[in-house]
Amino acid sequence: MSDTQKCHSFFMLSQDHLLQLFKETRADSEMICSFLETEDYVVQPIVDVSPPKWHLGHTTWFFEEFVLKEYSKDHKLFDQNTAYVFNSYYESVGDKVIRTNRGNLSRPTVAWIYEFRRYVTNKIIDLLTNEKLSNKALEVVEIGCHHEKQHQELLYTDIKYILGNNPLFPKYNNEFEENPVQDFERKWIDITEGIYEIGHKSDDFCYDNEKGVHKTYLCDFSISNKLVTNKEYIEFINAGGYEDVLLWHAEAWDWVNENKIDKPSYWHKIDGEWYQYTLQGLVKLDPEAPVTHISYYEAFAYAQWKGMRLPTEEEWETAQDKFEWGSRWEWTESAYSPYPNYHKPDGALGEYNGKFMVNQKVLRGASVATSRDHTRPTYRNFFHPQLRWQFTGFRLVK
Amino acid sequence: MSDTQKCHSFFMLSQDHLLQLFKETRADSEMICSFLETEDYVVQPIVDVSPPKWHLGHTTWFFEEFVLKEYSKDHKLFDQNTAYVFNSYYESVGDKVIRTNRGNLSRPTVAWIYEFRRYVTNKIIDLLTNEKLSNKALEVVEIGCHHEKQHQELLYTDIKYILGNNPLFPKYNNEFEENPVQDFERKWIDITEGIYEIGHKSDDFCYDNEKGVHKTYLCDFSISNKLVTNKEYIEFINAGGYEDVLLWHAEAWDWVNENKIDKPSYWHKIDGEWYQYTLQGLVKLDPEAPVTHISYYEAFAYAQWKGMRLPTEEEWETAQDKFEWGSRWEWTESAYSPYPNYHKPDGALGEYNGKFMVNQKVLRGASVATSRDHTRPTYRNFFHPQLRWQFTGFRLVK
Amino acid sequence: MSDTQKCHSFFMLSQDHLLQLFKETRADSEMICSFLETEDYVVQPIVDVSPPKWHLGHTTWFFEEFVLKEYSKDHKLFDQNTAYVFNSYYESVGDKVIRTNRGNLSRPTVAWIYEFRRYVTNKIIDLLTNEKLSNKALEVVEIGCHHEKQHQELLYTDIKYILGNNPLFPKYNNEFEENPVQDFERKWIDITEGIYEIGHKSDDFCYDNEKGVHKTYLCDFSISNKLVTNKEYIEFINAGGYEDVLLWHAEAWDWVNENKIDKPSYWHKIDGEWYQYTLQGLVKLDPEAPVTHISYYEAFAYAQWKGMRLPTEEEWETAQDKFEWGSRWEWTESAYSPYPNYHKPDGALGEYNGKFMVNQKVLRGASVATSRDHTRPTYRNFFHPQLRWQFTGFRLVK
Amino acid sequence: MSDTQKCHSFFMLSQDHLLQLFKETRADSEMICSFLETEDYVVQPIVDVSPPKWHLGHTTWFFEEFVLKEYSKDHKLFDQNTAYVFNSYYESVGDKVIRTNRGNLSRPTVAWIYEFRRYVTNKIIDLLTNEKLSNKALEVVEIGCHHEKQHQELLYTDIKYILGNNPLFPKYNNEFEENPVQDFERKWIDITEGIYEIGHKSDDFCYDNEKGVHKTYLCDFSISNKLVTNKEYIEFINAGGYEDVLLWHAEAWDWVNENKIDKPSYWHKIDGEWYQYTLQGLVKLDPEAPVTHISYYEAFAYAQWKGMRLPTEEEWETAQDKFEWGSRWEWTESAYSPYPNYHKPDGALGEYNGKFMVNQKVLRGASVATSRDHTRPTYRNFFHPQLRWQFTGFRLVK
């Protein structure tokens, strides 16, 4: 998912609840980074990863740009040069540092960014405490919180990439458990052919791409109550899955060969045994844990090999209340497209609502890195099919 | 569409009819090439284009490999080295020349390829005339004919690319009319919300990706009876459509800027007037003709600009009997994915049935270059969203 | 060497002799191409190779552009579009087709180019026969002849590349013998320390980069009377020369690994035996023939392995009358730089005299593909150090 | 110049003097970095630049690998993983981190590296203080000091690149003066034709590429006593020098156009006035200071424009005692090649002595960033012709 998917909601939290949400959100980002060395905040090993200091600065810039500049009288900018560095891609809001350059910027420093955060956090707290804000302003604050929660997930996965691709395999934090075992039997949940309703219905927060409740017609299908496990995935590897061209999309086959892909990301075979880099360091692979850090291409090839398939996002949404989910973002067969009657919002925040709706696949669910309360059954995450640095996984349909 | 999408059918033409279809098909390919100079058969200016001689050889190789080698007793290969050069991508059938190298091969010569064609054509005619073939064998001959018809369309568009990107702008053939005017009023056809059936129903030939008739639920929509015209598209250009980031997908915007795209392919502005390279040479642009050689990205941006959208493939298929179509392949909003209950066929011919079902958009209809009888309402063509060398166009939905 | 190195001479052939030279030169180019199929004239498998039809057109364009347009009253151009297609790189003489696109142009046809040749050849013959030309005009005609002779060598090597990289390995011509054996003993020729004179001294034709006779100081050295042979080079391969990083330049090592170089160009190991593609087709490697189609990098690594080195161009020029040469262009250690007092000529023909004098190595001698009389002891050929499609070789110094 | 050009010397400093040299050298590197923020140590904006922390670690690794492991009994490595990260390119000494990845490594941290430095520095001091070392061991220590001095120059230029390409233009250090004005008249120094001796003669330290004193024959030439100034270079810009193809090498012209080069590196035109980023921050360009951060290509084009040329390295070395030098590394016309009788040393330290001797140009002199005593009249620096991040400059010859 793009790091700044735009969004809005009609119903507003009370100003008090919003203040609470804001404080917690801001604190959470800093808690996540509290385990880092200064150097870890700076690097960008691949274009999909952003330096942690950039995430901290960008989420802060968002509040200054869209809340304080708009709704706080006589707001004095913390620094005139901020916007340039922390604007991620809003083409209509001035210049930006191109994404591939973020890891080249040693300044502003981490200390500066924490000061910037304190300044903006306090200003927003003041505003929420002492002013009666319009619904529109409150809405933008709420969006800002959800925007920052998205970046919290990216912080985890980007930190994992930064540390896990360092030859020294440093640990992030001993407490972060990323491999919850599904200790229950595999069962197949049957869904009957018919008309189902898709899309976000309640008044709670959601992004605009979830809206436009609409009917869809599904055929009979059976979906697994369990995610595919490491043990099962090893069988696929051992059966020569990565060498069998018949299992792969044409573009996937090129990707496998150009990048010499033969296992999930973060896996290492040492003296004949499988290890996995996790945020707790390099550990033995747990065969019962759900496989993760695999691309859509690999999920699809595995399903082909089993003679099954991935669910569509409509199937997933329809069946999801009958199985456990939440530890892996789950690849679906669905391409990311607008729902019927999707309308893009006006203005800078809604600038590009449809702009990612091509060449990406929808993922449903959530992962071990997803911030609290930052998902729901209708949430539509999306990534290019070859990407693997998120905590991705998949379940089968037959 | 890939040049060798695999396919099969359950119902068989009589052996006599098939002989007729085969003879016509083979003759048509040679008629198309009869307007070329020897040199035109050889070049490959971009990877999506194949040299005409390659098309002629590859379609012939297909018949020798899958019909004569399988069903003709004691068949003597025309040449042992053929397969290597003309295998397009069947990974399970030996080596192949990688696609980007086709234009580097001066040998075999055009004369050799015509000899090869005669040899194989005559052998197949013998077979169909003198042997009683099994249904399976007849099926493969039928597929071979449809396969060659697909290549006939590619012959036209590849020849157009080869000649139209030559600085001398040579004509292909004065008789080839590619710009039929739609001389009727624009009207909006209303389709009512409800369940509709999608997929190929009759016993006639179709590809396997059209099969699996299934229900779909559509919301109310209105679709234009006319394709977007050159005149309308010029309005979009003049209104700055190519410079307005808000109209484009993020990937499209990169594509526009990297490739300096500011008009459809084959358009030239000379002394303030629009010209278009056509197979009849460079001519003044006809404002009333349907716009063509535009990418999905451009079709989408135009629709955004009009506050409308493209149809999904299900909408198009449901509405298609209420409007004229057939001069342009029409971009839809739908990503190319398997239908519910899609099953890939076994064996070499069905080797890769799903392998293109990622990162491509479906096009519906047919074009001025489509071979006779080589389309139907359920036909699913597909291309990457940036491609423009086919006779693409689009109609709007609101 | 660039295909259009500029040049001039002070002494002029008589007009009669020049007419003779011109006629022979024009006939030679066409003789070289007489063994080709039409398709062979068209392709450009790598950027360093030009399509044979381009060579034929370009050398003709040169005479029309620089002789007929300048010195033939009321000359009527054969075709207005010619210059655009056949200008190789003279930035000051209008547009040009970029080098990588030459192989994409099916038009003008080969037949057209032969007509163009006849037209220009006849006009020049008329001019030389019926007009009294100025020295300046005669000089340009002479340059044009030498320019075409350079292209004759390129014709051979480009044709070899085109046919030798075709999977069918077609023969060019059974008569072309490219592997003359040196059937004499290896001896080391000693040259004594001292001042030597370098540069072209006589009044015969030479290029401007050979001029400026100047003194150089050489230390004692011994140079081999024989080129390194295939047999010797195989010893280097068998000793692991391509895997020993210590023998290679840093850039060479990257080149070896990125391109998986492990033998000279055109070598093939089939069933444990070495074969070589030659203009006579695929033949067994002759162990006594001088090794060819090796890069400077490989020549250097071989010399390192032997504990010897390559000669500088001054050493080669000083010693060359004491050994046989002429079958291989011989790599030297010298970078291509201007001689002291080098002055670039004015005008379009002298446009870029120094423009290749960076990042290239000097080669001395001549090769089996060099046109008659198209070399001399002072001739300075030059290529980038990784190039191998010429008939390159080397001799050692200790 | 490569960051680890190999070297050796015959004459040895006394062990006491060497201890002094070692201490000063180690302290100097840390002084240079004392002006940095932690974040500045980490980034690598282009492949030619290394992160400052890498320089500090690599120079330390050198002493541990080649001195302590060899000559210190029972040496306990500071850390087993060090070599992998800090080996720059010695292929025969185990694995290495490829150069383009250095900026992706957040670990080891800066604090860790300073600890590593202290550990190794103290061990070497112990060794020099308490042991009687062999001449060979002392030689390696001396080389290690000179190696670290080379990296000190790179520290300055890499830091300048890191800060000067940051949009915030942070200062490095107010005291660092990089633009010494040459406040004297331009004069032309005449050198007479004849035999001159080239190469390092004294017993002081030098690199092996300076050795092999040999005679060379020079023609008459006149060399400027002054470097080309900013003011003079602006005249070249204003005269359209960057747009005149006739002034440039062919490869240079491609480089200019692909990279949109139209001024020296670090120059900015703001409101019609020229500014320059320096280690003191962004300042107005001083017209009288010697131009710097220009490529060989630009130096050559300027000389062409003036109708003059660059000196060869032999000319420069012969004339250098008649002019002031030391603020700019000066481009010469000479390609970097071995001197006559150059022999590469054995063993790991001499592993690759000739491996950079292709495709690079020699620079002579020194720059404002050169460490004290780290140059001499015979010093041969070398870089690829397009590189600009060093304090390069040039003087003319006519």
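Labels A, B, C and D are assigned to the chains in the order they are written; within every chain, residues are numbered from 1.
The rule is simple: a contact is a pair of C-beta atoms (placed from the backbone, for glycine too) under 8 Å apart; a residue touches a chain by one contact, two chains touch by 3 or more.
Since this is a predicted model, take the numbers as computed values, not measurements.
Peer 1: Which number of steps is the smallest that gets you from chain B over to chain D via touching chains?
Peer 2: 2
Peer 1: Return the chains shared as contacts by chain A and chain C, ordered by label.
Peer 2: B, D
Peer 1: Roughly how far is chain B from chain C, centre to centre by C-alpha average, rounded to an integer in Å?
Peer 2: Their C-alpha centroids are separated by 45 Å.
Peer 1: List the centre-to-centre spacing of chain C and chain D in whole Å, with centres computed as mean CA coordinates.
Peer 2: 37
Peer 1: What are the residue numbers in chain D that touch two or more other chains?
Peer 2: Residues of chain D touching two or more partner chains: there are none.
Peer 1: Given the complex with chain D, which residues does chain A contribute to the contact?
Peer 2: That would be residues 37-45, 53, 81, 84-85, 97, 101, 103-110, 162-163, 165-168, 170 of chain A.
Peer 1: Over in the complex, which chain B residues touch chain A? Could you list them?
Peer 2: Residue positions touching the partner: 2, 89, 91-92, 195, 214-217, 219, 245-246, 248-253, 296-297, 300, 304, 309, 333-335, 337-338, 340-341, 351-352, 354-359, 361, 385.
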